[in-house]
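Below is a structure I'd like to ask you about.
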Amino acid sequence: MSASGSAPYTPQELMVAAAAREIRDGELVFVGMRLPILAYGVARNTHAPRARALYELGLMRDRAPEAFLATMGDPPNVVAALWATRMSNVMALMAQGQVDLGFIGGAEVDRFGNLNTSYIGDPARPRVKLPGSGGGADIAILSRRWITLMAHEPRRLVERVSYVTSPGHGDGTPGWRRRNGLPGGGPVAIVTTMAVLRFPPEGGEAYLDSVHPGHSVEEVRARTGWDLKVPDRVRSTPAPTAEELGWIRRLDPEGHWTRSP
Amino acid sequence: MSASGSAPYTPQELMVAAAAREIRDGELVFVGMRLPILAYGVARNTHAPRARALYELGLMRDRAPEAFLATMGDPPNVVAALWATRMSNVMALMAQGQVDLGFIGGAEVDRFGNLNTSYIGDPARPRVKLPGSGGGADIAILSRRWITLMAHEPRRLVERVSYVTSPGHGDGTPGWRRRNGLPGGGPVAIVTTMAVLRFPPEGGEAYLDSVHPGHSVEEVRARTGWDLKVPDRVRSTPAPTAEELGWIRRLDPEGHWTRSP
Amino acid sequence: MTMAEAIRRFVPDGATVAMGTCLEPAIPFAAGHEMIRQGRRDLTLVGPISDALFDQLIGAGCVAAVRAAWVGNVSEGLGHCYRRATELGEPRPIRVYDYSNFSISLALWAAAWDAPYLPTRTLLGSDILRTNPELQVVDGVVRVPPLRPDVAVLHVQRSDAWGRAHLWGPLGISEEAGLAARSVVLCCEELVDPEITLSDPNRILLPETRVVAVVHEPGGCHPSPLQGHWRRDHAAYRAYAERSRTREGFRGWLEEWVLSVPDRRAYLERLEAEAVRVRVHRPSAPADYGDE
Amino acid sequence: MTMAEAIRRFVPDGATVAMGTCLEPAIPFAAGHEMIRQGRRDLTLVGPISDALFDQLIGAGCVAAVRAAWVGNVSEGLGHCYRRATELGEPRPIRVYDYSNFSISLALWAAAWDAPYLPTRTLLGSDILRTNPELQVVDGVVRVPPLRPDVAVLHVQRSDAWGRAHLWGPLGISEEAGLAARSVVLCCEELVDPEITLSDPNRILLPETRVVAVVHEPGGCHPSPLQGHWRRDHAAYRAYAERSRTREGFRGWLEEWVLSVPDRRAYLERLEAEAVRVRVHRPSAPADYGDE
C-alpha cells in the first residue's frame, strides 16, 4: 500500500507526522513501539519542545536521542534520561492520570475503538495468536487519551473485534467507560495509512475526520470493515512538512519503520 | 537499677550478651534500636559470623560497623552495606517469612508477650503517649520469632497491656496467632534487667527461664506484674564473657546504651 | 528558590505534608523550621518515624494531625511536645492516626498506584486497627487505604535546578511518598548541573514532573545525618530532648534555634556545625551508561 | 558457577522461570539456550514482554505455559514459534495466561509482599479478564493474585561472587521478579570484587540471600542490548524472525545457534559479536558514601 507514486513521502511518514501533531506542548506522552517513537521525536523537535516521553520499561525523557531506535530499550534511549526506574513507577504515573496521551499499536480495531492484539478466532485455539497486550491494555484503560496507528485494511478496521485486549469505548453506548470503572478517557483517534478517524468527545463511534492526500473518502469507506460515519465536511490530512520529514529521516535514517515495504 | 555493685558489667551489658546469644549463626535478624544494635554486633563477632542484619529503614549488612551507632541510620551503618533500599523491600522479606529473628523494644509487656508502645490509659486522652509502633507491629506479626528487651519493673511487666501495639500470643489461648491470621511465630523471650523469661514453643504464657547473677527468683517475681510461672529448675543467666564485653565496649565506647544511669 | 518562598507557596495552612521519609537520615529540618517561622497552622504530618522534627512542629502549634508509625526522639526516647499535645492538648490537641512502618508505606503505594487499598496481613492482632478506623479487616486481611500527601518535602544529596534528585543511603519510604504526593519540594545539599544528575538516571529518585520547588539548602537536614555530608549530631538531639521536657524549656529552645534565626545559613553559623561534617569520602564505583 | 551447572541445579523440569524482566535489554539468552541444550521440559515462563527468547524456548519444546503480557519479536513482529504452539500445538500445546505489563508487575509485588492479591483498575473492560480466570473483578476492581516464580534469571552488568548485583538502565520488573521468586540466578557481564559492589549499596538490586548462583557470562544477553556493554543486534533479531517463519527454518536456526554450540563463548566466537560492542563509555558521577 502506498500513496500516489509521486508523493515525496511514504504513508508511514505521513502517519508519523499526523501522530506527532496529536502531541501538545508540555504533555507527558506514553510512547509505545515503532512509529510513535518517531512521532515523539518529531513533535519534540518541532511544535512540542516541552513534551516529555514515558516508556513502559522504566524511562522518562525530555528529548529524542538522535540515533535510530529499534526498541525503546536501545541504549541511546537511556543516555541522559530524566528517570530510569521500574515499570511499576511509570505505570503509577499513568494510574494517577498523569499521562496525557498514549500510543498503542494494534492488529484490529473496531468502530468503538476497541483494540485486539491477542487472538484472532477462539482464544482456546486461535486462528492467529498475536503477541498480546504488552502495556496496551494499561494505556487504553489508564491514560487520559490515546491514539492507535494502523494499516488501513478491511481485516484490521472491523465492525467488532472478537477479543478486546485494549478497551476503547466498549459497546459504544454513552458512558460505557465510566460505568465500567475505566479511569482514562479512551481513544480519540485512529491514524491509518489512508485517513484519520476520530471519536466524539463523549466517546462512542469513530468518524472520518481527514483523508490523506492521494486517497478518497470512497476508498477509505471501502477499506473500512464497518459503515464508516462521514460528516459533511472531510478535511484533507495535511502532508508532512519539510521540517517534519527532515526529523523523521534523521530518526529513522534507513527507513526501517517508514520506508519498509 | 543495677546488678550487684561489684559486678564487672552493667545490667544493660548482660542484656546485650543475653540477646546476642539468641541470634543463631546464619540467621537473618531484624535489628531494632538501641541494645539490639549492639547485640547483633556482638553475635556477629563471636558465635554467629554468618548472621545478617536487616534494618527497617532499608539496609542489609553482614557485619557491624566498628563505630558507635546512635541510630540505625548513622552513616557508618550504610558503608559496605549489602543492600541500601526502600523500607517496603525490607518488609517484603519479613512478610515472606525470611526474617528468622526480630527485636522489639517496648514500654509494657504482658504475660502473653503482647507489647504496648502506644498509649498508657485511654487512647483518646492518654495518661502517657508513647512513640508508637515504628516497625514493632510488623516485626511482631511477620517475623519468625522475636524477642523484647525491657527494664524489669512491675509497671512494665504487667498482667495485661491496655493497648496491644505489637501482638504476642494474644489472649494466651492455644493457636491464638494462627486463628487470627498472624503469619509469624510470635515472641520467644523477654530479656529484662533481672531475668530471661521464655514462652513455650506453642506460645501462651511466659515463664521464668533464668535469673541474672545478683538477683533472685523472689525478687524477679516481686518485680513482675503478674503471678510469674516458675519451673522447678531456674538457671542462672550466664554472665557476659570477656569477649562479649570486649565487643560491647568497642561498639558502645562511651556507654551511651550500656552504662547510662 | 529560597526555603521561605518554597514553604510560602507550596505548604499552605491545612496541608498534608510528608517528611522524614528516610527515617533517621536526611530529615528536612530546615523546611520544618521555616514552617514554624511562617506560623503555619493545621498541618497533617505524614512519616514513618519522626526523629524530633514532628515533635518540634507539634510544640510550635503548627499541627492538627499526625499520620505516622512513631513520633519521638530516636536516640533519646519520648517526644515531649508530642506527649503534651496528646495528653494535655497543649499547645493544641492533635489527632493521631496510628500506622506501623510497613502499613504507612503500603498506604503511600496504594496512592501511587491509584489502588483503592492494599491488602496485607501486617497489623492483624494489633490495636492499631482499633484506634485507626480507616484500617479495615475484610476477609481476614487488613485493607490499607491510600494516603495522598499534598506535598512531600525531601532532603537529598544533590539535585539540578529541574528537580532531578540523587538520594543515596537508606531510602525508607521516600520513593513512595514522592510518587503518592501531589507535589514534591526538594531540599538539596548540592545544586548541580544536569550533566551530573543525568549521568546516572537510575539514581534519580522521582520524575521531575512531580517536583514543584528545588531549594538549595546546605546543612538543611542538621542534626540528622546525610551520607557523604553530615554525621548525626547526637548532642543536638540530646540537648533538644532535655530542653523540651518542659513547655518553657521548649519555648526557649524554639526561640533560640528557630524563631530568632532568619534562615538556615544563620542557624549553621550559630551552631558551629563543622564538627559534624563528614571528612572521610567514599566515592562509589561508576556505572557505564555507554550506548554506541 | 558455569551456566550449565546453574541451569542443571536451579532450573528443573516444570519450574516457573521469570526472564526478560527488563523488557528489551539484558535478556538472559545464554541461560535460555542452556535450558534448551539440557532439554528442559514443562517450564512456565514469566515475563512482561519477551523479545524472542520465549519464542525460542517454546519452539524448542521446553515450555508448558506462559504468563506474560506480550510474546513476540519486538522490532520484527510476531513470534512464529509462539504462533505454531498456540495455533497448532506444535511442537506441543502451551497454556497462555494473559496479563498486561502493569498487572504482571502487580502480581509479582503481591508475591513479594505476601499480599493475597493487589487490587487495581487496570484490565477493567479488557477480555484479558475473560481468558485469565485467575484475575477476578470484585467490588469493581481487579484482584491480581500473587505470582511466585521458582527462579528469576537476571542478566546484570556486574556482580560479585556473593550475588550483590549492579543493574542499570531501565529496570522493568526486575526488582519485583527477584523479590517474588524463591531463588535468583544471576548472569553477569563482569564478575567484580566486593569493593566495587559494596561501594554503592543503593545500586545493589536484590538481597544476596535470594541469590543461589552467580554465572559469569560475558555477552550472555546477546542479541539484546546491555547499557555500557552491548548494542542491540537488530540484524540477529531480523534473521531469527525470518528463519523461524517455518518449523524447518527454526530447527535450522536452533541447530546452528544453540544445539551445535557448547556454550556462550563458542556462540560469541561464531557470531563475531564485536560489531555490536559498545565503544563509547559514559561513566556516571560517583555518589559519596563518606561516613565520618
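Observations on the model:
Order of writing sets the chain letters: A, B, C and D. Residues in each chain are counted from 1.
Keep in mind that, in the parts below, a residue touches a chain if its C-beta (ideal position, glycine included) is under 8 Å from a C-beta of that chain, and two chains touch if they have at least 3 such contacts.
These numbers come from a predicted model, not from an experiment.
With steps allowed only between chains in touch, the distance from subunit A over to subunit C comes to 1. The chains in contact with subunit A and with subunit D alike are C.
Across B-D and B-C, it is B-C that has more C-beta pairs touching.
Once the centre of each chain is set as its mean CA position, subunit C and subunit D turn out to be 37 Å apart. Between subunit B and subunit D, the centres computed from C-alpha atoms are 41 Å apart.
Between subunit A and subunit B, the centres computed from C-alpha atoms are 58 Å apart. Averaged Cα coordinates give subunit B a centre that lies 27 Å from the centre of subunit C. Multi-chain contact residues of subunit A, defined as those touching 2 or more other chains: 59, 74-75, 78-79, 84-85, 88, 91, 95, 183. Annotation for subunit C: residues touching 2 or more other chains are 106, 113-115, 120-121, 141, 168-169, 171, 175, 202, 227-228, 231, 278, 282, 289-292. The list of touching chain pairs reads A-C, A-D, B-C, B-D, C-D.
Of all the residues in subunit A, the ones that touch subunit C in their complex are 28, 52, 59-60, 67, 74-76, 78-85, 88-89, 91-93, 95-98, 183.
Residues of subunit D that touch subunit B in their complex: 112-115, 164, 175, 179, 198, 201-202, 204, 206-209, 289-292.
Note for the complex: subunit A touches subunit D at residues 33, 55-59, 70-75, 78-79, 84-88, 91, 94-95, 118-119, 123, 125-138, 140-142, 163-167, 170, 177, 180-183, 256.
Subunit D contributes residues 106, 113-121, 139, 141, 157, 166, 168-169, 171, 195-196, 199-200, 202-203, 227-229, 231, 278-292 to its touches with subunit C in the complex.
By the touch criterion stated above, subunit C contacts subunit B in their complex at residues 22-25, 48-49, 51, 68-72, 74-75, 77-79, 82-83, 86-87, 96, 98-103, 105-106, 109, 120-128, 130-131, 140-141, 168-176, 224-228, 231-232, 234, 237, 278, 282.
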